[in-house]
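Chains here go by letter, A, B, C and D, matching the order in which they are written, and residues are numbered from 1 within each.
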Amino acid sequence: MGLEDLYREIILDHYRSPRNRGELPPPAHRVEGFNPLCGDEVVLTIEVDDEGMVKDLKIGGQGCSISQSSASMMTAAIKGKSAAEAREFIEAFKTMMSIHSKELGDDEHGELDQIDPDLDLGDLEALKGVVQYPVRIKCATLGWNTLTQALDELSA
Amino acid sequence: MGLEDLYREIILDHYRSPRNRGELPPPAHRVEGFNPLCGDEVVLTIEVDDEGMVKDLKIGGQGCSISQSSASMMTAAIKGKSAAEAREFIEAFKTMMSIHSKELGDDEHGELDQIDPDLDLGDLEALKGVVQYPVRIKCATLGWNTLTQALDELSA
Amino acid sequence: MGLNVSEIKKDFPVLGQTVHDGRRIVYLDSANTSQKPQSVIDAMGRYYETINANVHRGTYKIAEEATNAMEGARGRVATFLGANSSRELVFTKNATESINLVANTWGRSNLNEGDAVVLTMMEHHATIVPWHMVAAEKGIELRWIPLTADGQLDLTDIDRLVDGAKLVSFTAMSNVLGTINPVERLTEIARSAGAMSLVDGSQHVPHLATNVAELGADFFVFTGHKMLGPTGIGGLWAQEETLDAMPPFLGGGEMILNVTTEGFTTTEIPWKFEAGTPPIAEIVGLGAAVDYLTAVGMDEIRQHEVELTGYALRTLHDRFGDDLTIHGPAEPASRGGVMSIQFKDIHPHDLTQIMDQNGVCLRAGHHCAKPLMKALGANATARASLYLYNDEADIDALGDALEASGEFFDF
Amino acid sequence: MGLNVSEIKKDFPVLGQTVHDGRRIVYLDSANTSQKPQSVIDAMGRYYETINANVHRGTYKIAEEATNAMEGARGRVATFLGANSSRELVFTKNATESINLVANTWGRSNLNEGDAVVLTMMEHHATIVPWHMVAAEKGIELRWIPLTADGQLDLTDIDRLVDGAKLVSFTAMSNVLGTINPVERLTEIARSAGAMSLVDGSQHVPHLATNVAELGADFFVFTGHKMLGPTGIGGLWAQEETLDAMPPFLGGGEMILNVTTEGFTTTEIPWKFEAGTPPIAEIVGLGAAVDYLTAVGMDEIRQHEVELTGYALRTLHDRFGDDLTIHGPAEPASRGGVMSIQFKDIHPHDLTQIMDQNGVCLRAGHHCAKPLMKALGANATARASLYLYNDEADIDALGDALEASGEFFDF
């Protein structure tokens, strides 16, 4: 396994030119996410309209190429989708990232095997190589966990 | 090192026929001693007169041959002595018992090397073999620690 | 078909040692700590020699391998215990720390003046002292389930004892009497009374197949060194909701999500309860221990111990009659291979000292169960305890050593 | 005359390993955890293979040998630290537990609403979080000694900060900046102000000769795995009077004098603070670690690290100029061999990932010092840290790996 598997061109592209970077002004909903292992912090701001559609979202804060590109791809994939669709994306992405942890005997995502196999993760597939680097999974999922928290808070 | 070194005849004799066994009635001073490692408990009752002379003392409770014989010999050695002489005996006995712990790097009794070398421990010398059995040192010193506590409380 | 004990013995290097001029070691103190198979020792050595690094932190190869080795072992130990997920398993340094963890987090935040905690008269100090400490701070009441004459829990009065209690904390198997307690029944009684239950599995996990999901406990603790694992490692199992609701225990690295000069937030379970650098090599060693136990088979181990305990009770009674008292249940099927004995009038310390001359290793003392000893009317007993590597020859050696002690102290 | 590093390297099996198709491991993460010499690994293996038994309990041969091995190691570690007696040395599972022990016993019984504890802005979470926890319970105030631009403690305002404080808790050496703090001066300042002092020696003990009696601290903590010892072992040193006056921490076996259904009394120090079966093999391993360090010589190790740090600061500056920032004091003599770096705009995680491809092991992250990272204006740094087994070739490899990373991320 070479580094090229981790650092695909598309990842570096999102890292160099992150999409939806910055912070939406209030009244957008704002959530901070922490990677407890490395100290990276992201700020997600999101607007969901009355129909439950993600009208806009932006990512701020600092992070490595993996967390930044993953968050960038996430914003591109989620923007304009419904909250329900967003959650499906989150599940699908975390399933992809959890193959490794399952091997470690952690069956927390067992039920996710039933996720729609046709859901197209698109560019996000490029992050597949991350599962070979367990410590970096936390990087790749940082933005996603923060999005989950935001959606939970908005629907609470 | 055979068992004969630990279980000298004189030890077994004191075990079979303990001296000063029992409890003195109040107002004798009463102290309980515990061996935290094996659960043995002794009860020491002691009378010290106005001149600081140990008029009488008795040992009750349960214990193994080592703790019982050591306590028995102790009572025989201490009875009729002054509290100050009793403390010298205690120091001398604990020095004998601490040779081993010193080897283990514990220099707590370093200063005791200056103990009067002429002090005759008499029968108690028979307990020398105990230092080869570190766990049993706690047995041999149980009565003595209890006596120390009694003398401390009486002079407090 | 039974265990092939002579092959198993070869896996345990200590058992190949001799003492006192060539006496083979007859190790009968496994309730105290077990011997370790070579595979466990080697797993730790290999860890230190090939992938030693701190976990959850490094982005380099050996750090990732160390993390995988540790978290992989967590998964295998969780499976061995019948847990639903490895997130239900918190590693501690021993069973004692596990119980203190519960007392300090769940206990101190849920128990208030006048609340009751129910214990039993056969508990190890590890179950007693933490609740005494909470009692001293919070003014809670401790209630004690008494014992029957043959060392079983006397549940006659159980309804009154658990009435209004917040917790029932008890051992799955006595380390003194060998009694195997009715764990499922007791956790059910606790639940019906609205109380939580804490099961001390220290003596259960090494000797009987354990399924925490079925036992019905809210908290379940165990210790590594009694189950072929290394020292310095133990565990606490609880369901995710239970662990999530508990405040943290020790504070420091690994257990945080964020720290500022103003405060801190905790990370997810189980790491929330694992402050500081974990006992990595010890977790790896414990993983190797459950691999070994699984390969031999827990049911086979239990079967072997029942048979061997039966052999011991029978032959020792035949040899010594009324000179020998063996505490606890008479029936091998309702007890583990733990035999607390009293022989003639010989003090346990003296008894075990003579036995040692014969290479026979028994523990003498209160076995960290002083309230029980008081109930038995003794300060101390001598205890012989069995494991998968013991055989009938070891029991015969125990009998011979008893005989020798009897002769030595025959005044 | 310097250390013979090429000989020393041979004692550490991990350093003979290769990764990523034959790259030798260049281990530069010793501030995280150190590698272990074969003698330490073997001491533990030998313990398990020959005398494994529980301590302080058995009257049989191997139990006595296990007790001697453990308590002998306690004596040697106490001597290594400059303690007056082995009773001043309490074993814990790591430095984190040691600090929590102090916070939970001395802290919770001596600190009350409005009391102040003084920390520094360069503390590890292990020093911060326990006091946050006491603060949340007791309403105490935390005060923070700030830093100068080159990463030293800024003592300008120290009199005001310690005024009325009950405790000053600080690290002897920063695990991020390498800064060696003026320990004796700070403990003296604390004492004059009527405050106790707690010194975190986790990074000091492995790298500089340590004499607790001279440092003047009331509490001194350290951790085994950073000083060539195993995981699962750490310690707390304090004077006997201090330990005697503290209430117990965890409750259970080993720490009691007597237990009844009504209450318990504690045994003597240090065992009063060592509840449950201790990390016996780990204590034996730590004993072997201090034997190794003593044989090499702590002054020689320090001298070697000063020279190597100087070489690193010099050559890396020459190679990379302003592309590379190394935090902390500029002068090798006032710092340890810990270098937190920032290279170009490359995120530390990415940087260390590329370095790993070259076999070079660095840690990236907040190093459990988030308040300090915030003060440095970074979420994370990459950190290279040295020990006795590193040499100039390792520093050159670090430089080469930096170069490779720069090329990889040169967009």
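Simple rule for what comes next: a contact is a pair of C-beta atoms (placed from the backbone, for glycine too) under 8 Å apart; a residue touches a chain by one contact, two chains touch by 3 or more.
Not measured: the values here are computed from a predicted model.
Between chain A and chain B, the least number of touch steps comes to 2.
Most remote from chain D, judged by the distance between CA-atom centroids, is B.
Distance from the chain B centre to the chain C centre is 36 Å, each centre being the mean of its Cα atoms. Centroid to centroid, with C-alpha atoms defining each point, chain A and chain C lie 43 Å apart. If you average the Cα atoms of chain C and of chain D, the two centres end up 31 Å apart. For chain C, the set of residues that touch two or more other chains comprises 57-59, 63, 256, 258, 349, 353, 364-365, 370. Residue positions 37, 133, 136 of chain B are each in touch with at least two other chains. Residue ranges on chain C touching chain B, taken from their complex, read 347-350, 353-354, 357, 364-366, 370, 373, 379-380, 408, 411.
Interface residues of chain D, counted against chain C in their complex, comprise 13-14, 17, 19-20, 25, 29, 32-33, 35-36, 38, 40-41, 44-45, 48-54, 57-63, 93-97, 99-100, 103, 121, 124-126, 128-130, 132-133, 136, 142, 144, 223, 225, 230-234, 248, 250-256, 258-261, 263-264, 275-282, 349, 352-353, 355-356, 360-365, 368, 370-371, 374.
In the complex of the two chains, the chain B residues touching chain D come out as 34, 36-37, 104-108, 133-136.
By the touch criterion stated above, chain C contacts chain A in their complex at residues 56-59, 63-64, 67-68, 71-72, 74-76, 78-79, 84-87, 256-258, 265, 267. By the touch rule above, chain B contacts chain C in their complex via residues 3, 6-7, 12, 16, 37-41, 62-66, 133, 136, 139.
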